[in-house]
Structure formats: C-alpha cells, structure tokens
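Each of the two complexes below includes chain A, the first together with chain B, the second together with chain C.
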Partner chain A sequence: MIWIAIRMLTGDAQKFFGLVFGIAFSTLLITQQLTIFVNLLERGASGVYNVSSADIWVMDPVSRTTDVAYAMPSTALDKVRGVPGVEWAVPHIRANASVRTKDGDLEGVAVIGVDDATLIGLPKNMVEGSADVLSRPDSVIIDDVGTTRMFPDQSPIGERLELNDQRAVIRGIADAIPSFTSTVVLYTKYSNALNYVPGTRNRLSFVLVGAEDPAAAKTLSERIERETGLKAQTREEFARDGVQFIIDNTGIPLNFGITVALGFIVGVAIVGLTFSLFIRDNIKQFGALKAIGVTNGKIRRMVAAQAGLVGLIGYGLGVLGTVGFISAFSSDPTFKGFYIPWQIPIISLVAVALILGLTGWLALRSVLKTEPAAVFR
Partner chain B sequence: MSAPAICTRAVTRDFQAGQQTITVLHGIDLDVKAGEMTFLVGESGSGKTTLISIMCGILWPTQGEVKVFGTDIYDLSDDELVEFRLNNIGFIFQQYNLIPSIDAASNAAVPLMAQGMDREEARMRAVAMLEKLNIGDQAAKLPNQLSGGQQQRVAIARALVHEPRLVVCDEPTAALDASSGRRVMDLLREVAVAENRACIIVTHDNRIFDLADRILVLEDGVVTHDGTEMPEDH
Partner chain C sequence: MALDIKSLSFTRQILPLIAVIGLVLAAFYILSGQPDRELSDPDREPPRAPEALANEARVAGSGVVEPSSELVQIGSALSGLVTGVFVQPGERVSEGQTLFTVDDRQVRAQLREAEAAIGEARAAIAEAQSAEATASRQLALYRSVDDPAAVSRSEVIRAEGEASAAAERLRLARARLDAAQARAASARTEIGRLTIRAPIAGEILAVNIRKGEYVSTMGGGGSQPFIEMGQTQPMHVRIDIDEEQAPRIALGQPATVSPRGAAEQQVKASFVRAEPLVVPKRSLTNSAAERVDVRVLQVIYELPASATGDTGIFRVGQQVDAYIPARQSK
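And then the complex of A and B:
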C-alpha cells in the first residue's frame, strides 16, 4: 500500500513538485538564514578567535568586547605579569584610524598593535608574507578583507598607505576571520600602533595572557581580577561575550528570527495548500480504498509515506541549496569561513517534520472523516 | 436449506437534516441468496444506496441486524469490520474510482495488496483476472489510457481478484449504451455469480431488468416488491 501511496503522489507531477518545492524552499530559507545568523554572530568573537595563543584577556572593567574596549594605563601590564600562574603577558592595542590610499580613497580601518617581541596578537596564518615583516620600518600587515576591498585587482604587498597622516607600507596579508562589520584590519607592532593611533594618556586596550596551566585558565582569570582589580576573561568567556554583545545590541536576532519564521510559515502555506489539494483530488480514491477494506491505520501510513518522501527530497534539496550557497560565496570575504553548524540541519529537519506533520495531519483529517459510504453517493 | 448470504432484520436508518430526523429505511427484512444475481431497484431517494451501504458494512444502521454469511457485521469492532469487508466483499463503483497513477493490473491488485500480499504476486493474480475479463493486454496501461468499458472491467477485476463471497455493484450500466451495458452484465453473470457468492446490483436501468434472478423494489425506504420480474406498474 505504501507503493500505491507513493505512486498516487508522484503520479500527480504538478502537486508532487509543488510539495517538494515548498519543503525545499522552507528548508533553504531556514537553513541558509540560520547559517548566516550563526556565522554573523560568531563574527562578534572573531577578534578573540584570531588570537589563538592567548588563554586570558585582561581589560578595563568596563570593556565588553574586542571592539568595545576602554584603554588602561600601561602599568596594567606589569600588574598582570606579577600575578602567580601567569606564564607570559603582552600588550595589545586595538583602535580605529583612517587610511588614505594612493588613489585618494578614504577607508576606515582598525589598527591592531601586537607585542613587539613575540608578535602575539597576530592571526596564526598568513595568506602572503610572514609575520617577520613587521620588524621592518613602517610595516603593516593587512587582512584579506582589506585586500579585497582596497586592492581588488592587485596585490597590496609593497603598497604605501597614509595611515592617520603617517606612512605605512603593507608587507603581508593575514588570514584572519573578518570582524562583524567586516572592517579592514591593519596589524602592526605595538610600538608602531602607538604612533599611528594618537590618543589619550592611556592606550593599552588589552593584556593578553598565557597561563602556566591553560586548563586552569578560569582560576587564573579570577586570581588576576582579585589581585589587579581589572577584568579578566578566559578566551571562551570573552568570545561568548562578543557574541552576546551583538545579540543584545543589534536587531539581527529579530530580523533573522522573522525570516526563519517566514520560511516556516511559507512552508506550511505552500505544503498545506498543495497537500490539501492533492488529498481533495484523491478523496474518492481514498474513500474507495476505505470501502474496499483499507484501515485508517494503513491510510495514515500511506499519507505518512507521502509526506516522508516529499520531506526527504525537499529537505535534501534545501540543505544542498544551502551548501551550494555557502560554497558559491566562500571566496567573498563577507562570507569567509562560513560553515553550517551540524545543529542547523537538525533544526531544519525538525521544522520540516513539523510542517509535514501539521499539514499532513490537516489533510489526513478529511480522509479519515470521509465515510466509505460516500463512494456510493 | 442453506443460510442466506445476507440477512437483514428490522433495519432502520435515520439521517439528521438540521433539527429534523429523516427515516430513510423503515425496518427492512430481507434475505439474499448466494448464486443469484439480485437487483436492488428504486427511484432516486428510495433508500437503495443506503440499504446497499448497510448491507456491505460501510454504513451503520440506526436499528436492526445485518448478517453477512452468518456474521453479524455490526457486532464486529471497527477494525474487524474493515477486515471483514476486505476479505469478503468486492465493490464495483459507478465511477470506478480507479487510482489514476497506477496501471490496470496494479489497480486490480489493490485488495490483494491491502491484504498484505507481495506486490508482484498480487499483480500476477490481477493480470490473470484481467485476462479472464479479456483485457489482459491492457494490464500495463494507466486508467486514462483505457476506454470507459475497459476501466469498468478493471473495476470488476478489482472487485473479484480476492475472490470475495459478496459482490456489490453500484449502477454498473449507468454510463453505458444498451449493448455495452448488456455485455457488462453478461460478463458479471459469468464471473461474479457463483454458487457460494452473492451478487447484488443497485440499478434503475430498466434495459437490464430481464437479466436479474431476483428483483427487489424499494420505495420510500420499504421493500414493495420481491420477485423474479419487475412488477407491471413499473
């Protein structure tokens, strides 16, 4: 009987493809939008993820994220270094600046000053060049977002920039996760950064700390807070705060939530309508089957098989569509590093199951309510 | 004397029309024998569809008792009644109600598949039945590729393939011209009427009344005639 159910469904090509399209569209919308949402949120922690060697970030108590930080006096570095359990501590500065290119374009950039001696604070990998280039005068390393945006058709290596009215030369390209706003980032030594970014008396944004025992980073961060009066967070905590900041301060969750809800509603509407039409068109056949002696249980299984087939194909197409979308845009810095967390296809699957469960149940009601005697009328 | 194939006692059926209760059948007492082609005749609204539906277990009577081959079918649970229909009754619907997206053989095999028989085996038996009805060569065609007469033969094959003991036909000749109608009736007599099988035909087609072994006339929910021929005044 399951075979008959499948043939009934696929025999009506128009409705079959309508149902598959409805599920595929819903799955695509839900999966793709949730994927972009999650990846965008994670961009709130990109500043933390780019510095993989730091176990703990120490900052002014009012600082919230890598991009929303209040500068500390330089003595903070020494205070942190004096805390037992700290293996190393280095200064880290993050500030905004303006760049004028040789073509006269103006670009707002983020300048990140990394430790002069160890270069801790740089992203782990380079697209071009090496971290050592920072030892040369006026050197900066640009991230790949900056490369694409400011030098779309040429290599930026060797290009000179007017960075806050001072000379800077690009000598490398870092493989960095873009920030939430996809701002161009220039990495330079801490001492250079102090020159490039004029400011107030206090200039130190963060102190990056390596723990003697990385597994006890949480305990160490609490000790640093106790002994220095500064705010200290483990890498995971600070990354989470970066994500939370975006959730709290932007309309992104609401907007994406609305789109995902629309995906669900559109799915219910398209699939529900098509499924109802399909059942209505076949109600005589279902009535005949019931009269012949097909139980309601078998009818339920038949409709479930039809829904299952539509769901399987539609869901597969929707997820494939999302994978295609992510792959197609992977070279665009805006989507750099985007991936589909395994939880998202499961959420989409649950949504598809709900859509089919709801619409299948509504359609099934009319079949179950049909009296077999109706076939004689 | 053997027990009747169908036995109805004091069968009454009411329908609600708003606040009003309409009684469609008034205490029908009837015995239908196996090995006969029994016609149930009456004007529209006489209650014949209601009676046939009750006799084959797809509509509950308001009162009364219906025994089919000795089984009080309305004493059965819902699932048992469905099972009983599947194993004992074959239906030929006026509009055939074939499934448009499966071929003739699969349509004819539906009762066997519903009984749980393997699809290929069910199809083989269905093809054999279609051959008996002289449309074996049409077995692989979809219903919309068949003529009305061929579709009806597929419907007959579906009604008989599982060898039911009761065959119920609803207006089998209503959509056919006189000669096609007679051919269908001849066919039904040949394949559906057997010593151990009852065959009831609901009709108001007076062109085929002479083919009946027994005619029951229903008027306003009451059997007004029971004989081998139609009464003079009809």
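And then the complex of A and C:
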C-alpha cells in the first residue's frame, strides 16, 4: 500500500521534483544562512578560542571582550596568583597598533603579547615555523589570515615591519581563527609588545589563569572576583561575551533572522502549494482506494510516507548543498574556520518536518472528507 | 519489491539512495569539521603554586635576585684616565683588593716636588743651625769680655741681633720642612685615592670600564657604574608584594621561588627581612616614560646555597616568581 503511495507520488515527475526542490531549497537556505550567521557571531569569540590553555580570563571590571579591554596595573598578575585554586597565571596584552609596511602603507594591526617564559596565549598550531622563534630578538608571528591581507602572493617570513619606531621581523605564521574585523594579528612576547604598543601607564590587558581543577572553573572565577576585585570570566563565559558584543552592536542577527524566516516561508509556500495541488489531483485515486475499503488511518500513513520521501530527498540534497558550499569556500580566508555546528542540520530538519507536517495536514483534510463516490465524478 | 536493474527507477530508488548517501557524507563532514576547542595543557611549564599551597591562602609576588650585600656600584673619588683594571667579571675579591687605578702621574710629580722641598728644607735647617751656632758663639765671645773698652756696646747689640735672627731662621726652616712633609703626605693620600679598592669581600658582577677610558666623579658614560660587585654567598631575592596584599603575608615563613623560564625548578628561600619602607613598584619594562601608582612592600629572602653559584639556576639580576604563605586569619 505504501509502495502505491510512492508510485503515486513519483508518477507526476514535475510535481515530485517541484516538491523536492522546495524542500531542498528551504533546507539549503535555512542551513546555510544559519551556518554563516553562527560562524560570524563566533568570530567575536575567536580571540578566546585561539588561546587553548586558559581556563579563566581575568580583566578589569569594565573590560567586555578580548578587543574591548581596559588595562590593569602589572601587580594584578600577582594578586591573581595569590588566589587559592589558581594553578598558574600569566600576563597577556592585547592592543592595537599601526604598522608601516615596506611599501610605506599604514595598516592597523592587533598586537598580542604572550607570556615570555611559557608562550601561553599563542594559538595551538602553527602554519609555518615554530613558536620558539619568539625567543629570537624582535620576532613576531603573524596570523594566516593577516598574511593574505598584508602579503598577498608572497611569504611573509623574514619581512620587516616598523611598529612604534621599533623593528619587528616576521618569523612565523600561526594557524588562528580571524577576529570579526579580520584585523591582522601579530603575536609577540609580552616584553616586546610593551615596546611595540605606544605607552600608557598600565599595560596588562588580561591575566590568563589555569585552574587546579578545570571542572570547577566557575567557582574559581567567582573566588578570584571576590578576592581581587577584578572581573574573572571562564573561557565559555568570555566567549559568550564576545558573541553578545556582536549581537548588541551589529545588525547581523536581524539580517540573518530575516533570511532564515524567508527560507521557511518559501519552503511552506512552494511545498504547501505543490503538495496540496498534488493531493487534489490524486483525489480520485484516494477515492478509489477508499472505495475498496482503505481506511482513513491507512491513507494518513500513505500521505506520511509520501511526505517522508519528499522530505528525505529534499533535506538530503539541501544539507549536501550546504556542505558543498562550506567546503568549497573553506580555503577562502574570509571563511577560514567556518564549520557547520551539528545543531543546525537538526534545526533545519525540524523546520522541514514542520513544513511537511503543516502542508500534509492541510492537504489531508480534503482527502479524509472525500467520499468513495468521488471516484465516479 | 524485488530490485531489478531494468525496472530501477530514478525517482523511486536512485534519488532516495543519493539523498541517504549525501546525508551520511554530510553527517560525517559536519561531525569531523567541528572546531577544536579542547583545552590543552601549556607546552612549557608556567610558574605554579607549590603543592603545599595549592589550595591554601597564599600571596604571590615577583622579584629580582640580588647579592646579600645588595649591589655595590663602585665609584671613583677622583677623575682621570684609567691606567689599569685588575679584576674581571665573575672574579671573587677580598676586602681591600685593588680593582682599578687612575692615572697618578700628576700627583706623583707633586709628591716629588714635595720631597725635593723636604730636602731643601732639611738643607735650610742645617744651614740655619750652623749660622745660629756661629752667631751664638760670637755672642758668647762678646759677653765673656769684661773690659767695656775692648768691645763696644754696639758690637754686642749686633751680635745679639744676629743670634736671635739665626734662631728665627732655624724655626722658619723647620716650619718649611713641616709644610713640605705635609704636602708629601697629601700627595701620598691622593695616590692612594687613585687606586680604587674593593670595599667588601665579594664577587665582581660587571666591569664597565677599560684601560684608557676616562672616569669622572660624576659617574660613567650612560650613567653606568664603573664596576658592580656584591657578596653572592649567600644570594638574596627581593620580592615585590602589592601593598593591598601586604597585610595578608605571613612574614617569617619561607617562600617558594622559581626563576623565569624554569618554573619547574622551585626552591625554598628562607625569610631575611621585610623592608620597612613601602616603595613605588619599580617597573621591569625599562620604559623611561613609565609612571607608577602601585606601591609594593619589598620582602627579602635568602636563596639556598645549592641553587646559587656557578652551577645554580639563580643569577644576580634575574627575575623570579615567588609564592609565600598567607597569614592564617580565619
């Protein structure tokens, strides 16, 4: 009986492909737009995620994100080290500077100074060179996206820059997720960074903390706040702060929300129309089935099977399209680090189920009311 | 529903198959493409609180290794050209050992002048003595003559005058000798001051002058001290504690100290004293424009002998991280 339903569905190839296209298109729209939306938002947290070993970030109470930070006096480091439960704490400086390139151009860069002794604060992986190059004088490590912006079509290794009248030599490329603004990032030692960034009185932007017990980072961060009067955020909290900053300060959520809603509406419209047209066309067949004694429950199951097949094919092709899109653009520096969160295909699956359920239910109402005699009309 | 190649339908069989395979591939891609956000341990050991203090109240500070005598910056009392440097960095010297000498030719010339003046004064004394002897004998002769007609009164007065003048000349010559001797002694003192000696026993840490350079009493070029030395047995560390943390520190307890870059090599340092004066934090960034508003309590600890010396991990001037137990208040 289910097989008959499937044959019935695929009998009219135009309508069938119309249905599949509608579902595939709205899946693609929802999945792809949500993916880009989430990844753009997470650009706000990339500064936090690039540092792979810190459980807690400690900062001035007015600091908000990795890029919007107010510097603290250098003794804040020792205050944090004195809190029980802190396994280690290292200084971390983030500041903006202007760099003069060899061509004489001015480029805004973010200078990140990592702890001199341990290099905690560098991204986990390097594209070229090793983190040890920072022990050589005047060394900086550039991030890979910055490379494409500042040195298109050439290797930046060995290039000299001028930062605050100081010499800086690029000796490595780090594998880092770019920030929301895709600023060129130069990693260097804390002591070098102090020279590269024009001086203000206090320089220490963050203290990175490793917890004795990483699972209890939340309680430790509360204790640090209580004992030092500074603001302490766990890695996850601080990543969320970065995302929230983008949500609060840009129109991205609204724009993408509209696109996702459009995807849903287009899906409902195309699929709903085609599906109800298809059911109406086949009302005679349903009537005949009823005439030979097929129950309403069976007909419901038949329509569900039809909807299921359309959903499966459409959803599969839509997700495949998104995956193809993301993987095709993954080498583009703009899309560096983009990934499809596993929750998003599930959200679009729910959306597809909603579209099909809604339209199927609407179309079924007429079928269920059909009398077996309809076959003779 | 037997599958038959001939009756294989594109819409009913191949398309669903493509969709299922596509879903599986997509699931694989999505799950393998999740970002790596695992926390990782740092590659290099950061300074950690010692086991005993891991979950205890504690105070942390950073500081600098210094000699137990503190750093002695040797100066020069007189200016001039350096004629010899007799120590090298790393050398151990005893108190009073010559460190370097400054050109003393001019002072030696003055000494020779003074010595010649001494000889001259001695000759003058001898001459004055013989003149005085002659004059006093002459006077005695005149006085011994009783006949007033034999010696005139004026002859006697002249002889008396000559005798007293000779005595005065002798006194003058003696005074000249004293003056010349004083000049010679002062030249010798100057020569002594041109030889700069070690004020204490200790180790030479830096030598910033070379033979032929000019030393002035105002300090060396670039305000570098000429020679830096200090007693490095034992060595001390001077730990800066934020003034807000200062009341919590348990003074008298040993501190756990590790050098920068070798955080796993922690040693116990025994308490020496806390400086009575709370000072503005001396910045370690060497930036001239830096101002400070943070004050620190400086606490001094003594490093164990095993961690210092030629094979030790601590060197003078090195930065260290320290953990000190806090006072048990609760």
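What we mean here is this: the second predicted complex is superposed on the first by the 361 of 377 C-alpha atoms of A that agree within 3 Å, B and C clash if a C-alpha of one lies under 4 Å from a C-alpha of the other, contacts with A are read in each partner's own complex, and residues count from 1 in each chain.
Quick note on the criterion: a contact is a pair of C-beta atoms (placed from the backbone, for glycine too) under 8 Å apart; a residue touches a chain by one contact, two chains touch by 3 or more.
Not measured: the values here are computed from a predicted model.
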| message | By the touch definition at the top of the document, which applies to A:Gly82: first (chain B), second (chain C), both, or neither? | response | second
| query | First (chain B), second (chain C), both or neither: which does A:Gly210 touch? | reply | second
| task | Answer with first, second, both or neither: which of chain B and chain C does A:Thr295 touch in the superposed model? | result | first
| request: Could you say whether A:Trp3 touches chain B, chain C, both of them, or neither, answering first, second, both or neither? | output: both
| request: Using the touch definition from the top, say if A:Asp12 reaches chain B (first), chain C (second), both or neither. | output: first
| task | Identify the partner contact of A:Ala373: answer first if only chain B is touched, second if only chain C is, both if each is, neither if none is. | result | first
| field | Residue contacts on chain A - larger count, chain B or chain C | value | C
| task | Could you tell me if A:Trp342 is touching chain B, chain C, both of them or neither one (first, second, both, neither)? | result | second
| For A:Val90, is the partner it touches chain B (first), chain C (second), both, or none of the two (neither)? | second
| request: For A:Gly287, decide between first (touching chain B), second (touching chain C), both and neither. | output: first
| field | Doubly contacted chain A residues - partners chain C and chain B | value | 3, 7, 10
| message | Per the contact definition, I'd like the list of chain B residues that touch chain A in the complex. | response | 49, 52-53, 56, 58-59, 79, 82-87, 89, 91, 93-95, 97-102, 106, 110-111, 113-114, 119, 158, 170, 202
| said: Under the definition above, what is the set of chain A residues touching chain B in their complex? | reply: 1, 3-4, 7-8, 10-12, 282, 284-285, 287-295, 298, 371-373, 375-377
| Can you name the residues of chain C that touch chain A in the complex? | 1, 9, 11-12, 15-16, 18-20, 22-23, 25-27, 29-31, 33-49, 53-62, 240-242, 244-245, 248, 260-261, 263, 281, 283, 285, 287, 289-294, 296, 321, 323, 326
| remark: Residue set of chain A touching chain C in the complex reads 3, 6-7, 10, 13, 16, 20, 49, 52-53, 55, 73-75, 77-82, 84-90, 115-120, 124, 131, 177, 191, 194-195, 199, 201, 203, 210, 212, 214, 235, 309, 312-317, 319-320, 322-323, 326-327, 337, 339-342, 345
